[in-house]
Structure formats: structure tokens, C-alpha cells
Amino acid sequence: LASSIMERRAEASFVNVPKVKLADFEPRNSVWGENFPREYQSYINTADTTFRSKHGGGAMLDMLEIDPRMVVLWAGYSFSKDYNQGRGHYYAVEDVHNTLRTGGPLNENEGPMPSTCWTCKSPDVPRVMQEKGVAEFYKGKWARLGAEIVNPIGCADCHDPETMNLRISRPALIEGFQSMGKDITKASHQEMRSLVCAQCHVEYYFNKKTVEGAEYLTFPWANGLTVDAKEEYYDNIEFSDWTHALSKAPMLKAQHPDYEIYTHGIHAQRGVSCADCHMPYKSEGGQKFTDHHIQSPLNNVANSCQVCHREETLELVQNVYERQDKIIENRDKLEELIVRAHVEAKKAWDLGATEEEMNDILQGIRHAQWRWDYAAASHGGSFHAPIETGRIITTGITIAQETRIKLSRVLASKGFNQEVPYPDISTKAKAQEFIGLDMDALNSEKQEFKETLLPEWMKKAKEREDSWAIVRN
Amino acid sequence: LASSIMERRAEASFVNVPKVKLADFEPRNSVWGENFPREYQSYINTADTTFRSKHGGGAMLDMLEIDPRMVVLWAGYSFSKDYNQGRGHYYAVEDVHNTLRTGGPLNENEGPMPSTCWTCKSPDVPRVMQEKGVAEFYKGKWARLGAEIVNPIGCADCHDPETMNLRISRPALIEGFQSMGKDITKASHQEMRSLVCAQCHVEYYFNKKTVEGAEYLTFPWANGLTVDAKEEYYDNIEFSDWTHALSKAPMLKAQHPDYEIYTHGIHAQRGVSCADCHMPYKSEGGQKFTDHHIQSPLNNVANSCQVCHREETLELVQNVYERQDKIIENRDKLEELIVRAHVEAKKAWDLGATEEEMNDILQGIRHAQWRWDYAAASHGGSFHAPIETGRIITTGITIAQETRIKLSRVLASKGFNQEVPYPDISTKAKAQEFIGLDMDALNSEKQEFKETLLPEWMKKAKEREDSWAIVRN
Amino acid sequence: MIRKLHPPKNWKIPVILVLGIFAGLFVLSVYLSKAHSYLSDDPKTCVNCHIMAPQYATWNHSSHREVTNCNDCHVPHDNVFNKYFFKAKDGMRHATMFTLRLEPQVIFIKEDGAEVVHQNCVRCHSNQLMDARQAGCIANYEENRTSRKCWDCHREVPHGRVNSLSSTPFARVPLPESPVPNWLKEFTKK
């Protein structure tokens, strides 16, 4: 015992001299790790994909396999090709290479996605933005920056290397605050413990009008953070992400509005930050430090929930599952209804419906699916703010069904007065076939990219990083 | 100063000698009050109707005026005549006399309601049940027991006069537990602090098959306490409360499922009882006692919520309002959709729809309105269990709209392929006119009852009670 | 001049009497309220007021029972003067509120008191909180790690969350013996 106390004291009184001088915009996490071994070691654990909870966890979940209806909802849009539930930050770059959504570019001007895609994947981003300029960063295809963006999400995304203060490294969040008339530099330390996450875990769109030729990353916050305010925002600027392949509706894609939904929950209202649950303190050798193994708190109930809640682990996990189950019950139903609406709309077009007859209907499909996606894309939302998430889904159902009532009248007026058959989309493969995707072509173009262009990028990157001197004290 | 300290110490150790010997089944609260003046005094405060919160409180709220859609939803059923949000227990008997639902009986065999209505209104009930037998109590019209039931809800409803222990005085709750295979005598002290309320604050129906000639008060719990389990229960026994005047659907009425919904909320799950919020401890003159002014906790945040929550009063009240608002937004929408379904169904009948065509549709209307009513009738439900209440409303909306899609096909098949106009029901009066109620007749029959039969009852009751000796120590 | 301030002679006896009564009453109230013990560190002191029972009971069941007494947390420990000044100030208010029956059903800690407690958490736990190696190269290190109230997270340390007078109704706390003799009890019963 005495020796253990001594050991801990020795550890604590060891005086620190930072081992490495961190360059501004140092993107290599391992270099930061030399100064902060505990934080780095725990960060490296985000590579662990073994934990799977009822609806989430670090395991890679193929959402299209789990729920093939999504394929139909996204017909005509890249998400119908491939969509997984996010895993650890460690994989952020790798997963962009792997996903079929980014296609198989063979040179820097090819591929379906813009360079803006990189924005939330790496600490190389602030480095390149600062070198080339923000608008410049958002120009061109993603393949253009393939050799630049190689380190997965890490220290420089959230920290100032000089002071180690939390800092905002992404312009989109600062601009988002400005659009609401707020000044992010006024955020408190506790707010920063959520705002670093809000750089990425938010709904976004690419604005092509901000700067000529750039797909400018923008957060649609000018009217507020609610689902309704954003819908109004997009309607006002007549924005749409794509036109649906079946229904021809002008669709919106909602991406991971984690931060926005979280602000409507009781935890946020009580001042609990993202870091409190996803990066709780951890004790090691007489010291506590922030656990950088960002993951599902259900894999770490003791340090996250139980610091505030005295209930048994099983009960707390059950609380989370109960909320998720109640939400997902109705979310699944809404999905089915929107699939039906798309199929019915297609039938109406096939029977010769006019644009005028269809206008309202297409708006309805747009709004219903926007609300579904908003609730579905935030993987933590059913727990972060179950009441708000439930409300969103409910309004989605009302709109979807109102739309289908109109559709049934249009169909009847074309002489079709019965149920339109529900397609057989019981597996991902069947659903992708139903919407006419050629998966073999997509897979082989991806394979070629991985064998040709990708190794080149990695080589260039290594050369670049090897050329940077590391200043050790 | 010294004397005050002395006094308080004395008070704390003061030993109680009951002033009055309480007879078994003593129904007069004032008699109990002689022994327990603090509890009695606070009980008397339930007569106070001044507090009104955003959606509730002790004030008498005319729900049909606030929300005239309800009149249409209940067309053909007595609730369309008159429905208020409950006020203090002090008024329980008076409000049965007053409501237009009970009509204007002029003798003991008249009036639209059975004697079972009295069951949850008075401590005279256990007295009469024990004198006449339970099944006997449930027989005949409510006017039959008018002279017997005169003391508003009080001590004998919840307490054993010998030990002052909490006790269950109503057979329906004991039988409800039995039907679930549970034994209520095994309930813990903390559970009893909710179960005394569950004698009345629960959904019920009158079973005419239990005992010949009796409308036997029954809690539909055999399959479980959820809205779905009860729906299944009623469907299985093909029970319906009434047939809707417009749509002809076989309807269910959900009455105040406060206890059942509460069990799905986080407070119940954490062991918080009804009494913790609605009957918190109070200090008076160095004495702590249970505040028997049962009311909205929003009129008493300091003693209720703040015992467990450190937030400001205003913030806690805001939490409640936010939950209520989010739920009510969609509940109102669901109401409108069901009104439409009724009106559309009527149109279909008018156009010659057949029973076969309508069967599914009527089932849909039944289920949708059951779910709406379940959420609406529990005035505290949006706070007690917001996630479950939201889920119930959402499933209601899905069913309502699915039904309206079917309706639009039936209507189209009869050559009517457009929106059925929404009726002008913007006030209670208009809505009651729309469903064809003769309010003048109802009001004048009530008036006559109050001038003739009611005074007789009161006279008989006074004679009876005057004949009971009070044994003082 | 000075003579003018002297009271008239015939006041002497009554004044001595009155002063005596006051002094006696003061001693009595000090005795009855056990105010003398307010200066001690024994947690039983605080329980003198039965309304501190929930706090006593929860502390008594916590991991801190063996390592802290009330004053370790609730009184400043930066210097001796501050310690007794704060005690006296707080003690006076508590005594006044209690005797005047102004105590609320639920007692909330005041901002001043909370800051004192917070500093005491930090005082004892600085080893776990502050890593000298990091303090050198992380700006605002100490502030970042100590700016939130510890019990924003450690909500149960040491009193738990439920904190009304009635929250520990059957807790066994060392309540003082009644100092009121039986005849006085009979007398005050009216």
C-alpha cells in the first residue's frame, strides 16, 4: 500500500517538459501523442470495432442491409449505393475511400463527389484550408485532395497546439453561428465541449452560390436549429439535393443533425455536453484525464452515465433501448409509408398525371422524407432527445399520409382506384435491383481505384510527411 | 427566542392522542379532521380553484369550449354534451350532480347513467358497498344512490381508520391486479403511495356480463397496461362504448389512464410515486406532514420537484410546458384527422357504401380515436410519460390516415373523388349544433333535477349523518 | 459630561435585573440550541438542528464519512480567520432562520457556500485533478478542470440528490436528548 502511494506521488510530481514542439496545423496524431500519451492511447482505441449495441456501437453496420427500404427512399442518389452507420474516428479517411458513394476516380478530376466531402474527415483539412484558402478548398472533385487528406480525425481538429485549448477549426460552424446572429467566440468552456463536435455532427448542404465554382459547406441555420426552421430555409432558397428517381420529387438529404437534435434534449438543457458522455474522465495512475476513446457510452456506462445516475448498468442501458425502440417503431412505419408514396407517385406519372396535379404531392413527399431522414440520420437522436425526435417523426407521418390521400384521388381520377402493390424489397440486393442500380459496375470501378489511384495518394502523402522535421526538446 | 426554541422542541416530541374514535367506514372527512387537523386543513384546500397552469391546474376548464372538435369525436355519446378537466377532489360529488352527462333524473330509476358512476367519487362508496354488497352497488341508475353518496373523495377512500395505513377501498383495482395474475396485498409502502390513486385514475369500462343486471366496474388489464394490450382486450371481447353518430363506428371511450401512462415514464421507473409530486411533505410549526392539497405540482414546485431537482422553479415549469406543447401539437392534428374520417365515413354511407366496404374503415376509426382519447384523457400524461404519449399519438395518426386513404378509394368508387368539406365547428355551440344536440332541453332538465330531486337527497343524507354518534375521547 | 450618561440611581436595580435576565436568557438559548457546539468540527453539531438530518444521514452513508466531516467541505480552509468568520456568519443565519421558522422545506446551498465546498473538493483532490506534467503545456489547465462544480457530475457526492426534510424520514441520526423538563412539557401542552 505504502509503495503504491509513493508510486502515485512520484508519478504526479514528475514535472513535464513537452517532448515535441507541435507545429501549427500538425495533422499527425502520433506526433501529438508524444506529448500526451494517455489521450493518444485512448484515441487509438477508436480503431476498435468490436462493440455492438442494440442499434449502434463501433461495429460497422450496413444500414441498407438492415433496412432495405432506405435504398428506395434514396433512389437516384448516391446513398442508395452504400450507407453504413459511422464507426470510430480512426476510420474517417479510410471509409471515404471505401464507400461506393465516392465512386472510382482514376484521376483528380473524376468521381461523383466534390472535395468538400473531406471537410469533416481529417486534421489535414485545416492545414490545407490555411494553405490554399477556404473557398479554394471547396472547389473541384474529392480526388483532387486525395493525396493531401490522409490522417483520420484527430487532435488538430479540436485543439490549439500552442495552448491545447479547444478550438473551432472549421469555418462552416463559425459561419453557421454568424448566420444566427451569434458569436461563437463567446462560447463558454463547457459549451466548447459540445461545439467541437458540432463542427461535423450537424446537418449541412453544399451551396453553389456562395463562391463561383465552389461547393461551399453551409449549415442551414439562419432561421433556427429546429427541423421546421431548416425546412423553411431550404424551401425559401428552393434548394434540393436531388430529384427522386421514382416520384420525381425535389428531395432533401438530412445528414447527421446530432448537435441540433441534442440541443432539444434534457441533457443539453441541463448543461451536459457531448464530451460528458462520449469523452468522460478516466482514471489511470492517480490521475484523471479525458478519455479520447470516443464511442457509444453504452460501452462505458460506469464512467459516463453512472457518474450522474446511480442506477444499475443494465437499467441504464435498458432506458436507452426503450427510447430507441419506441422511436424506431414509428420511424420504420414512416419509411414504409414514404416508400409507398414514391411508388404511388410513379404510378400516377405513368398514368399521365400532370405537373399541376403532382406539385403539392411532390412537396409533401419532400417534406415527409426530410423529417424521416432527420430522425434517422442522427444515430444517437432517439436517446439524445426522444421527445423531439418523436415529434419530428409524427409530423412526417401526418404529411406522408396526407400526401397519399391526395395521390389516391389523383390515381382514382386516372381510373386506378386500388392499392398500388408494395414492391418486393426485402433485401438490399432486391431493393437495389428494383431501383435499377448496377452494383457490379460500381464495385469493380471502386476496386480499380483502390488498386491504381489510391496507392499513389498514399505514396505522395508519405513523402510529404517525411519531409517535415519533428522538433524534440 | 429561547421560548421559541423550546416550543419547537416540545412540538417535535408531542405525543398524539386521537380526539375522536373513528368508526369503520366513517365517510365524513371533517370527523377524521378532528384527529388530523393539518391533513384535513390541507385537504380542504382542494376547494381552491384559482390556480391555472398553461394546460391544467385546479381551475375548471371547459374542454369542449377549448377544443370543439371533441364534440364531433364524441357524437352520439354523452361526453359531447359536457366535459371539463377535473378540478379538486372537494368537488367530486358536486360535479356529478352538475354535469349534463348525468342528465336530469326526477326519480331513482331515471337518468342516462348507472350507479357505477359513483364508484370514484366518495368515501360513502366503500360504506354502501359493504352494507349492500359490491355487485348490488353496481345495479340500477345513478339516481338510486343519490341520497347515499354525498361526501366528496376523502380519508376513508385511502386510509384505514384504525391504523391510518394506506388501504385499497375499491374492489375494481384488486380485481384488476388479479386479472394480471398479481396480488395487490404484496405492494410495497412506496407502491401504495401510487396505488391509492390508481383506484380511480385509470381507464375503465362497465362489464354487463360479470353479474346479471349490474354494470360491473372493470379495468381492462388482463393483457397488460399498454394502450395496445387494452385495445386487443376490447377487440377480443367485441366491446364498444357506443356507436358513433356520424361514422357508425363501434367506438371505445378512454377515461383518464393516468396511472397506466405514468408507469411508462421515467419517474415511475425510478420509483417516484404520485404522492411524491402531488402530495409532498410540508412543514408547519416544526411538524412535517403529507400535504393533502392534491393539485397541480406546478403550484408547488418548491416542495415537489425541487426536492429532487436543483433547477429554478421557472425552468422546471418550462420543462413541463415544453413536453406538453410538443405532445399537444400532434394531438390536435390527430383530432382534426379523426373528425375528417368521421365526416368522410358519413359521406360514404350517404353515397351507399356497403357494410363490407366499410368494415375495415370503421375498425380503423375505432382504433385511431381510442389512441387519441387515451392520450387526451390523461391530463397529466404528456408530462408523466411524454415519450409513450407521443408514441401513442403517432400510431393513432398512422391508423387515422391509413383509414382515410381507404375512405378516399371508397368515395371515389361512388363517384366522389374530392376532399369532403371540413365542417364549421369553430365553437362548442356550433359543433353541438352540427351533431344535432338540443342543449336547451339538456340544460332545463338539469335545472329541474337540481330544484326537485337533489334537495331531497341532501335532506335524507343529513338525517342519516345526524343519526350517527361521534365518540370523543 | 460623563455623568450625564450615567443612568439615574434608581434605575440601578432594575437595570441589573434586566441585564441579568438577558444574560441568563442568552446563556439558556446558547445551551438549548447547543450553539456552543457550533464551533466544533463534530458533525453531531450540525445535526443539532433536526433539519440537518438528511444531510447527516446521506454523508454518513457515503464514501466520505471516513475521511471528512461537514466542516471539511462547508467551511473555507484557506486561513483560520476566514474559517471562523464564515462559520459565525453562517451559524447566525441558520440559527435565526431556524428559530424564526423561516427554513424552507428544501434547503438549497447558496452560491457563496457552494463556492466554498467546491474549493474544498479541489483542495483534497488536487492530486487527481492536476497533473503537473500537463499543467506546463496546457493553457487554462487548472481552470478547465475545476471550473464546473464537481457535483454537476458527481451528483451524489456526498448527499445524494433527494434532499428535502422528509427525504430520510427514518434515518437514524444522533438527535439530541430533549432539554425540556417534563413539567415544562406538561405546561406547554395547554
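Which chain is which? They are A, B and C, in the order written, and residues in each are numbered from 1.
We adopt the following convention: contacts are C-beta pairs under 8 Å (C-beta built on N, C-alpha and C of every residue); 3 or more make two chains touch, one makes a residue touch a chain.
Bear in mind the structure is a predicted one, so any value in this text is a computation, not a measurement.
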Chain labels contacting chain A and also chain C: B
Longest centre-to-centre distance from chain C, chain (CA-based): A
Centre distance in Å when chain A and chain C are each reduced to the mean of their C-alpha atoms: 51
Euclidean distance of C-alpha centroids - chain A vs chain B, Å: 46
For chain B paired with chain C, centre-to-centre distance based on mean C-alpha positions, whole Å: 47
Junction residues of chain B, two or more chains touched: none
Complex contact set, residues of chain C against chain A: 127-129, 131-141, 143-144, 147-148, 152-156
Complex contacts: residues of chain A adjacent to chain C: 8-9, 12-18, 35-36, 160, 162-165, 189-190, 271, 276, 283, 286-289, 307-308, 310
Partner chain B, residues of chain A touching it in the complex: 266, 269-270, 311, 319, 323, 326-327, 329-330, 333, 337, 386-388, 390-391, 393-395, 397-398, 400-402, 404-405, 408-409, 412-413, 417-419
Residue numbers on chain B that touch chain C, as the complex places them: 1-2, 4-10, 12-14, 280-283, 285-286, 288, 302-303, 306-310
Chain C - residues contacting chain B, complex: 25, 28-29, 32-33, 50, 99-101, 103-106, 108, 161-167, 169, 178-180, 184-185, 188-189
